[in-house]
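First the structure, in the form of structure tokens, and then the observations on it.
By written order: A, B and C. Residues from 1 in each chain.
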């Protein structure tokens, strides 16, 4: 008997799963793609916002503040790197300073502390490469950066460790209330019956809600495009740098990543197609123009890649986190746009409260293991640690990804651990192999070999991100028909 | 920490040629470190011919060229440490490498030759818009899959970039049963050898689309097609000419980048145009005792020149190792590229160092010219002038300059001026 | 009498002359566009019987690719036939560089040889 079905394996779904795994419950998480964090959770600014940006009184504001405060504990327990590097909202002209003051007021009303406006001189001391026209900035020391994919994987691993069942390649094709008061949730492979269903389906949360006969709302995908720079340029900036915000979005940032790169982006354009994560040339131009207003000296010849993510914007423009009044046991967690990542721990807290209010009995497990260890990052270890590690397991002496110094030991661990990698992208996001400046040119054949060996599949079946994305099309000369003509297709 | 005389980082053609030459010149202790399980570097996957015309007076394939040097290295007792990745290099020649057998390998080298080769420019670095499906490969990685692993990266292929690597892959894929739909080239001319245009494209009726580039990649899980468009005089796409080409694979041959992460770690000065170290006539970098040769120094077209360059570096290292006393800052003559040239190597001449009777300079033009006048100017004026014909940016120019000219100059500028048929 | 024109890009030197050969009844009656004798010779052989050295891989017994080449140039029109034959070849290790792995491929009187040694 299933107690709770969670639809959606993004950071919100996995955070809820992990929280629920503290209790004596049977929990199933259904993810439509082949891995967690396959949607918005893998393609965002990776910033844990301080919380001055959201309007007071909104769920966004409330949960951002609460969520931000919970990050140190969660990241410590899950062994996920997290750094409070601080953020700056920069005024590049005198008029913008009024906006900074508004944000300061708003931040104080939301409970952000510390928070202050700093002078031009202080700004240049913190960030020497900022636009010389900058005149002031709003400084929020509590803002931080994280790897959102690593966080989501860590949550999923810990949840699985503690008994949550995670199903991949399982899109929900039907969900409805049954006569017995339970909900029926159907995927192409299985059917679940459960008194509670949590709709954390991201871009598709509106469709799931409609499918269940619950409250109607719409999710509009709002695209944000990004450019990432080589680690070599990491000393361009030190903190998260925002422009003065517009009504639409926080603006185009210049921002370090926790792994030592920095990025520019995102722009903000509403689109129709929820599957359209293509990067556009207009978008690239837009983010370069925007970012140059903050940091004029961008080293564009050191761009290593670009990507795009889609924000799930609800028609209310706020988070929709509530128990459905139409369908008993159906809980909507939709419209999680920015500051969704920052709010995730608080969203999970709130969902647990809602579940309790709706009648779910929460009995704490006595064997809940709150700790999870990350994969040994060879590149971060000192020489003594490295020697010890290789002695213990020689696979850690075999470097596979030279750009990011990732060893075979780490890649094998990434495959073998709970919620392990099953594709090239899965390896990339868990170990960083393929994320460096050569973008997998050197390591991908070697990673494919390891995946093939570990998963016991032919290299022809190894995919980039699940079925349909196989890397190799055949063996050499397979397409040559020995009797007929050469390939004429 | 073990001290070694000469450590060569990279066991491809540059490293192998340098090692063999160093041994010949009397360096007893020569160690090559290579990250693969066999030496030979990129030659292992270059199964086509065109190698060895200068060095062996024969036309060999890549593996054959490599095997000649590997056999000689073995005969001469050169140690080759395989499956080993160098992860750190300091400016005082301490090396940290790692492998599964020995764990961490810590060495101090009395001299180092950098021979790490280069990597390929990626889709991400050239900002091609569109999705990020599987089926996008750089040419070298595709070549590795085919020739080293025996797998086909795709069945219907569009190639971007008509340099020799792209052209070779066009033929290769066709002979393995794939269909190459076209080769798009952003420039108005191909950088590849005419021989390759004929034998890789014309032989198979593969269209070469000059002044074209890829402006979009379609397909969410796997490439389904690309949009190609003509470009204007500024190499910007003219979207009104855009058209869709269905394919399941996009192969990128859009440039090679010398792999100098270790060099930068060792504080070696890098020439931002070549992407490789600044060197003097003995291939010594700006860090004493560290030399460079091959693709890590500048991207080569023909492996024979890599061998020639590696031999110079080996001599430089051997001479360096023989020195008993420390030198004070050497007097250098800077050599700079002038009009018409992208770069010139070596970028400096060390007048205190060994100078051959004639010194080889290597350079590349910025554009094709049927005829051009190469001018070498010192602070005294024009010291040398030569007419060159059929100049191509993709074919490295090599010039010999007499020692006396170098000794009498405080600086040198080499330029290439386009000349008409009837005078300049 | 049908006279056909065949264009040949000469590869002998960097000039890359575009040579036009006029052919009647499979005999070359005129060559134009070359700047030298070598070019004319090349164009003649390209028109009458273009030949190529074929380089490819064949499978070792364990499935891995072994790089090979034809020991000399073979008629261009036999290349695909040669590839089809080579598809079926399996080579036992050890093999020496230069060893024949497929004699007289596609009836060309040219052998296909290994371009590397493999195994002891």
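Following the convention adopted for this analysis, a residue touches a chain if its C-beta (ideal position, glycine included) is under 8 Å from a C-beta of that chain, and two chains touch if they have at least 3 such contacts.
Since the model is a prediction, treat every value here as computed from it, not as a measurement.
Chemist: Treat touching chains as neighbours and tell me the shortest step distance from subunit A to subunit B.
Modeler: 1
Chemist: What pair of chains is linked by the most C-beta contacts?
Modeler: Looking across every pairing, the one with the most contacts is A-B.
Chemist: Would you mind checking which chain's C-alpha centre is most distant from the centre of subunit B?
Modeler: The most distant chain relative to subunit B turns out to be A.
Chemist: Quick check: how many Å separate the C-alpha centres of subunit A and subunit B?
Modeler: The answer is 39 Å.
Chemist: Averaged over CA atoms, how far is the centre of subunit B from the centre of subunit C? Could you give it in whole Å?
Modeler: For subunit B versus subunit C, the centre distance works out to 28 Å.
Chemist: Please work out the Cα centroid separation of subunit A and subunit C, and write it as a whole number of Å.
Modeler: Computed from C-alpha means, the inter-chain centre distance equals 54 Å.
Chemist: If you look at subunit C, which of its residues touch at least two other chains?
Modeler: In subunit C, the residues touching two or more other chains are 57, 63, 65, 80, 83.
Chemist: Going through subunit B residue by residue, note those that touch at least 2 other chains and give them in order.
Modeler: 146, 148-150, 176
Chemist: Please list all residues of subunit A that touch 2 or more other chains.
Modeler: Residue numbers touching two or more other chains: 475-477, 480, 486.
Chemist: Report the residues of subunit C in contact with subunit A in the complex, numbered from low to high.
Modeler: Touch residues, subunit C against subunit A: 57, 63, 65, 80, 83-84, 86-88.
Chemist: Taking the complex as given, what residues does subunit B use to touch subunit A?
Modeler: Of all residues in subunit B, those touching subunit A are 35, 83, 85, 87, 96, 98-104, 106, 119-120, 122-125, 127, 129-135, 138, 140-141, 144-146, 148-156, 176-179, 215-217, 220-222, 237, 248-249, 264.
Chemist: With touch defined as at the start, can you tell me which subunit B residues reach subunit C in the complex?
Modeler: Interface residues on the subunit B side: 47-49, 59-64, 66-67, 146-150, 175-176, 193-195, 197-199, 202-203, 389-390, 392, 395.
Chemist: Where on subunit A is subunit C touching in the complex?
Modeler: Interface residues on the subunit A side: 475-477, 480, 482, 486.
Chemist: Could you list, by residue number, the parts of subunit A that touch subunit B in their complex?
Modeler: Touching subunit B: residues 227-228, 232, 275, 277-281, 283-284, 303-307, 383, 386-387, 390-391, 394-399, 402, 405, 407, 424, 437-442, 444-445, 449, 459-460, 463-480, 486-489 of subunit A.
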